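In what comes next, chain A is part of two complexes: it sits with chain B in the first one and with chain C in the second one.
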Partner chain A sequence: MNKYYKKWFWALVLPSLLLFILVILVPFLLGIFYSFTGYKGTFFLKDRVATDNPFQAMVGLENYEKAFNNESFQHAFLYTVKFTIIAVVVINLLALILAILITNIKGLANLFKTIFFMPNLLGGLALGFIWQFIFEVIFTKFFFGKDGLVPIDFLTNMTQGPIKPLFALVILVAWQMTGYMMIIFITGLNNIPEELYEAAEIDGAGAFRKFKDITLPMLMPSITIVFFLTLANCFKLLDQNVALTNGAFNTRLLALQILKTPSDYLIPDYGQAQAQAVIFFIVIALITLLQVYFTKKKEVEM
Partner chain B sequence: MKKILQVACVAITLCLSIFFAHGCSQDSNLSATKISSKNKYDLYIFSSKGEISQPFKELCNIYEKERGIRIRLQQIGSGTNHLEPLRIQMSSSEKPSIFSIQGLRELIEWQYSKTALDFNNSTLESFKNLANEIPPNFRLTSDGKNNYGIPYSIEGYGYIADKQMLCDIFGENNLKDIMRDLKVSSYGEFENFVKSLDFYIKTGNVRSFELNGRTYMPQKDKVGLAKNLEAVFSVAGAERWTYCDHMVNIALGAVFKSPFELLNADNTQADSMKGALKKYAKSLDLKTSHAMVKRGPEFINVTSGDYNRAIKDFSDGKTVFIKQGNWIGPNISKLNPDMLKRLVVFPVKMDMSSEDIKRDDMTVDKFNRSIPVYVPNFFAINAKVDIKEQELAEEFLVWLNTSDVARDYIINKFGFIPYNAPDDLVLDSSLNNSILEYKRSSDTLAAVYHGVGENWSKETLGLKIMEDYLTKTDWQENDYNDIACFAIEKFKELKFW
Partner chain C sequence: MKKIISSVIKYIILIFLAIYTLAPLVFLFINSFKSQDEIDTSAMALPHNWDLKYIVSAMRDIHFFKALLITVLVTVLSVGIIVLVSAFSAWMLVRNNNKVSKFLLLLFISAMLIPFQSLMYPLIDMADKIHLKNIFGLIFMYGGFGLSLSIFLYHGFIKSISKSIEEAAIIDGANIFQIFFHVVMPLLRPTTITVIILNAMWIWNDYLLPFLVLANSDAKTLTLELYFAKMQASQYGNPWELIFPAVLISIVPVIIVYVFLQKYIIKGISDGAVK
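Right, the complex of A and B next:
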């Protein structure tokens, strides 16, 4: 087998490598380059002089300066951090609880797995519009409104106001991602040898002790993956954000902020948007690297 | 065998890479690809008026046959984001020769990049004449002298009403008078009228009111369409462009004559908008507090406050007015074709005093009887395509606006009001005719709002009004002031110069 891979290495790798270079690496490097120019989408502008040559419109760190001073970028950044923290905690907890429940039931386990997984099959935009309807009509009029089944003011008009839209998005994202993460947890839970629990029981360990000292450490590899996936996905969430509120009530997450930056100016400021994207990339890279490093350290070798 | 496979794999990969590399190099290798593209078309039109895509395509086919040239046509709906696809085309080697510009706010980008051709520099005599004959108020210009667009059509908007509805409320004898008086009435009278109507709709009781000095009263018994009435106005609370582009524009029309005046406005001129903007807020208050959906969180929800819903309510006869323009014609013809023949448009009233009006050619009375009539979309010519293609583009636009067959298409198939409509032109749509009447009597306002970007109108002022004001039931006097101050402050921050 090894010989096979050695011999065919370049033939097998080259197509993917080429695609990666052309579709990801080149645009990425080009993007970094554009972030240092007065890029306006179809031309370059420096000191109100338009040119087609990017080298005549190098503006240094001006775009980065503009990005850092841009209030909506700052707001979007904080908002994204807030959203990510809440969403990651909620999704991880829910997925773990569901996984534990499902591994402990017999019979209908597969049916539940399928049902919980299904929202993940829907695209982000479709989900956003579906939940917009649920929040605006089902929640507000039928369930939680003044004349609804259980009047809870917080759960009405969840796409509006200073705080509610954040939780609306968390509900949506949790509904979408939990099933997927649950599957990863279930696999992890099934890989924990039964003997460990038996031994612990003989030693007199209770349910909590077993969970804390066996399940959690043994589940660490799954937790690393789930943590990574939820963190990265929540941080770069776009479609759901667009469909649900589209930035109204200050709900721009970073990805939407970058998308909307060009149209925030009469002459579209793609240069600044590009600078924001580079900052965005660095932040995501840093966070996920750190997270993987720390959770990996917690994993135990069998 | 394995050797052959290996070679084949590498060969495929190489082919792929050449294919991609070719795709990437198109940009830098303009001259080479130009020749190849020449084989595909002679004239490339990018139109952001997808609503007329079918008839426009037919018209282009006619032109192709008549002149023996090939046209490449790309069309996108005017409500969708047309700028991103256009920018992509503009960055490619096959640039459109004719493209759409939706008003002055979109011109800036193309003017700066020297993509849009100033028609003053055109060499084709017939085209120059066509461009010079565009009435000054319908020109796409950033300083009053340059000239960048040939209008698609003209549009107008205001409070649209169904004549039959007015007839059923006030009786046939009064219809003519009330239509005339409603058109010229003052804001105060209009406010009273709205309140009386609201009272009539809600309680079934009648109260008299005055319009243009004459006293009117709804009929005692609700008959015909009046029986279905639920509110005075149909408002799309989730559609910020309706109240923060179009409605604000009416107030801006009291201060500026044209969009380029607003574009070039300094801070002092910006401050001078305050009075007019306060009156805008007051007028918006009147409209939104007498709407189908009660002002509050539900008002701005997409499910209850979107454009189609608002038109549906109006076409169902649940409201007396809707503030929209002749572009709702196609929607109405699907929902209630009979109604289309009975629609008329009235000015959106604002409580302007002579101090609020800053134009020397405008009076309070004239303002009260005027509606915005303007060009929503222009054909522009790309100065970056070669001169032969530019000339073909010019010839096409001359033909589009002067030939009989094109004129027939514009009026009958596109359903447009031609910008160069002769005075005796009578159109099928009563709405279009109603707008032409305003144009003929020169009771018009410009699309001043095109002088400032959507980043101000829709994304800043629009969001503020939607989030903070349309969600609350009661507005106070100081709310008008706050809205005006906010609008001016943000205008100064976001204005172009």
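Right, the complex of A and C next:
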């Protein structure tokens, strides 16, 4: 039997292996290599000499030096970290609250699930356009402006200025992602055996004790998943950033920064963009490896 | 009594949040039938008359039917490729349990560490050189990017199913493709649904890859058409009477699919995350 599977092994693995090598492995390795060259997109440049041969345009760590000294890259990095921290906290809390509420009601639970999940179906770009309108017109003119229902200056013109767009993006992303994470939490909550709660009730535990000593520990696997999923998604966010401000008012997140770096220069600086992308990769890889580490650790404990 | 009050409070919070979740979509809908002036003065009201002319002109501007066809084609073919090749490899990787298999699995899965940004420029260069900056290239690329997660999901599931039925089929003289399509694939159905949903949702709405691959071509996906419509409309200063109907018609197909398949979609999401 095993011989039979062995005979077909390479024939059936080859299609995905080829796709993988051509679409991911080769471009990825080339990308790392190009980050050490004077990569300008269609040609390579070193000491004002243009060439087609990347080996003649090796510039060492120059692109990395440029990237680290590039103020807009520094700003995008910090901005991404700030945005990610706030968004992760907001989304995780909201999703957990929604999941607990929904698993605790008798009727209409499915209807609420359907509604809360709906924004996830739509692309970040389309949603970003709708929210741009909400921030610029609905919030500013009708709700929170001087003549609005409740004048709150902070909630007007949220796509402009140094601080507000960060929170506008958090509002948009939380509105979109919470439903997805809620679904994962609901699955986790439904997997907690009912007997645990019954036993705790007999022992006279209140709602808070039950939450702290049963729900939270039993929910840890789901919390790990949701935490890292939101962390990675927020850190890599692009579409919503493009749609809401497209980088105006210093609002570039890292993904948009890498996309726009070439056109920041007269001769498109793909080499520096590629160096930024390699730094970006290292951070993402660390986040993902941490997730694997924590998930494995949990499995051992259980 | 205490129970009733707490239950009422729960419903009130949920209803409030449901309204909050739906409100942007309601704004989108009612403003898709208004002129720019009417949007500016009464964005929150129902339209004076349900004028379809903005929807019609948006359909023309974003080449709706062509873009829809292209998006469907790209999504269906990409997901088809992903399902087929990942199921093939995952099956073989499980059934041939040796060092090579373990190495290949690790290689496939480790690609999940790589963000798209770190390989996009070389990838597009390569595609340009071999004349694949077109729909075929796009489908091919999605095939590659969808592999890792899909092989991971299939691999986890196939590990848990016994190979005795397959072996019986081999003894009966079935060939490898008969075994795959008649014995293995039916068993993999739950995972296949998850793989289809996760990949289709992402590919349908993706903006960056079509932007890099198709920006200069005539064949654009819905998301890409929407992007260019917005860029163009912003220059004329009256964007919303074009953008709202364009966004609306571009999301209607997704909403329709959701209404019919929501049970599978929600189950697919939770299955996909837990593994």
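Miscellaneous remarks
Heads up, the rule we're going with is that the second predicted complex is superposed on the first by the 276 of 302 C-alpha atoms of A that agree within 3 Å, B and C clash if a C-alpha of one lies under 4 Å from a C-alpha of the other, contacts with A are read in each partner's own complex, and residues count from 1 in each chain.
The criterion applied here is as follows: a residue touches a chain if its C-beta (ideal position, glycine included) is under 8 Å from a C-beta of that chain, and two chains touch if they have at least 3 such contacts.
All values reported here derive from a predicted model rather than from experimental measurement.
In the superposed three-chain model, the partner touching more residues of chain A is C, compared with the other of chain B and chain C. In the superposition on chain A, A:225 makes contact with chain C only, not with chain B. When the two structures are aligned on the shared chain, A:2 is found in touch with chain C, with no touch to chain B. In the overlay built on the shared chain, the residue A:140 is in contact with chain B alone; chain C does not reach it.
In the superposition on chain A, contact of A:81 is made with neither chain B nor chain C. By the touch criterion defined above, A:15 reaches both chain B and chain C. Contacts of A:40 after superposition: chain B is touched, whereas chain C is not reached.
Once the two complexes are overlaid on the shared chain, A:216 sits clear of chain B and of chain C alike.
Comparing which residues of chain A touch chain B with which touch chain C, the overlap comprises 8, 12, 15, 22, 26, 41, 133, 137.
Put simply, chain C touches chain A in their complex at residues 7, 10-11, 13-14, 17-18, 20-22, 24-25, 27-28, 31, 39-40, 43-44, 81, 84-86, 88-89, 91-93, 95-96, 104, 107-108, 111-123, 125-126, 140-141, 143-145, 147, 151, 163, 167, 170, 176, 201, 204-208, 223, 226-227, 230, 240, 243-244, 247, 250-251, 254-255, 258, 262, 265-266, 269-270, 273-274.
Within the complex formed with chain C, the chain A residues making contact are 1-2, 4-6, 8-9, 12-13, 15-17, 19-20, 22-28, 30-32, 34, 39, 41, 98, 101-102, 104-106, 108, 112-127, 129-131, 133-134, 137-138, 141-142, 175, 179-180, 183-184, 186-187, 221-222, 225-226, 229, 236, 238-239, 242-243, 254-255, 258-259, 270, 273-274, 277-278, 280-281, 284-285, 288-289.
Residue ranges of chain A in contact with chain B, taken from their complex: 8, 10-12, 14-15, 18, 22, 26, 40-43, 45, 50, 132-133, 136-137, 140, 156-157, 159-160, 248-249, 263-268.
Taken in their complex, chain B has these residues touching chain A: 6, 9-10, 12-13, 16-17, 20, 24, 83, 87, 90-91, 105, 108-109, 112-115, 297-298, 300-304, 453-455, 459, 463, 466-467, 471, 494, 496.
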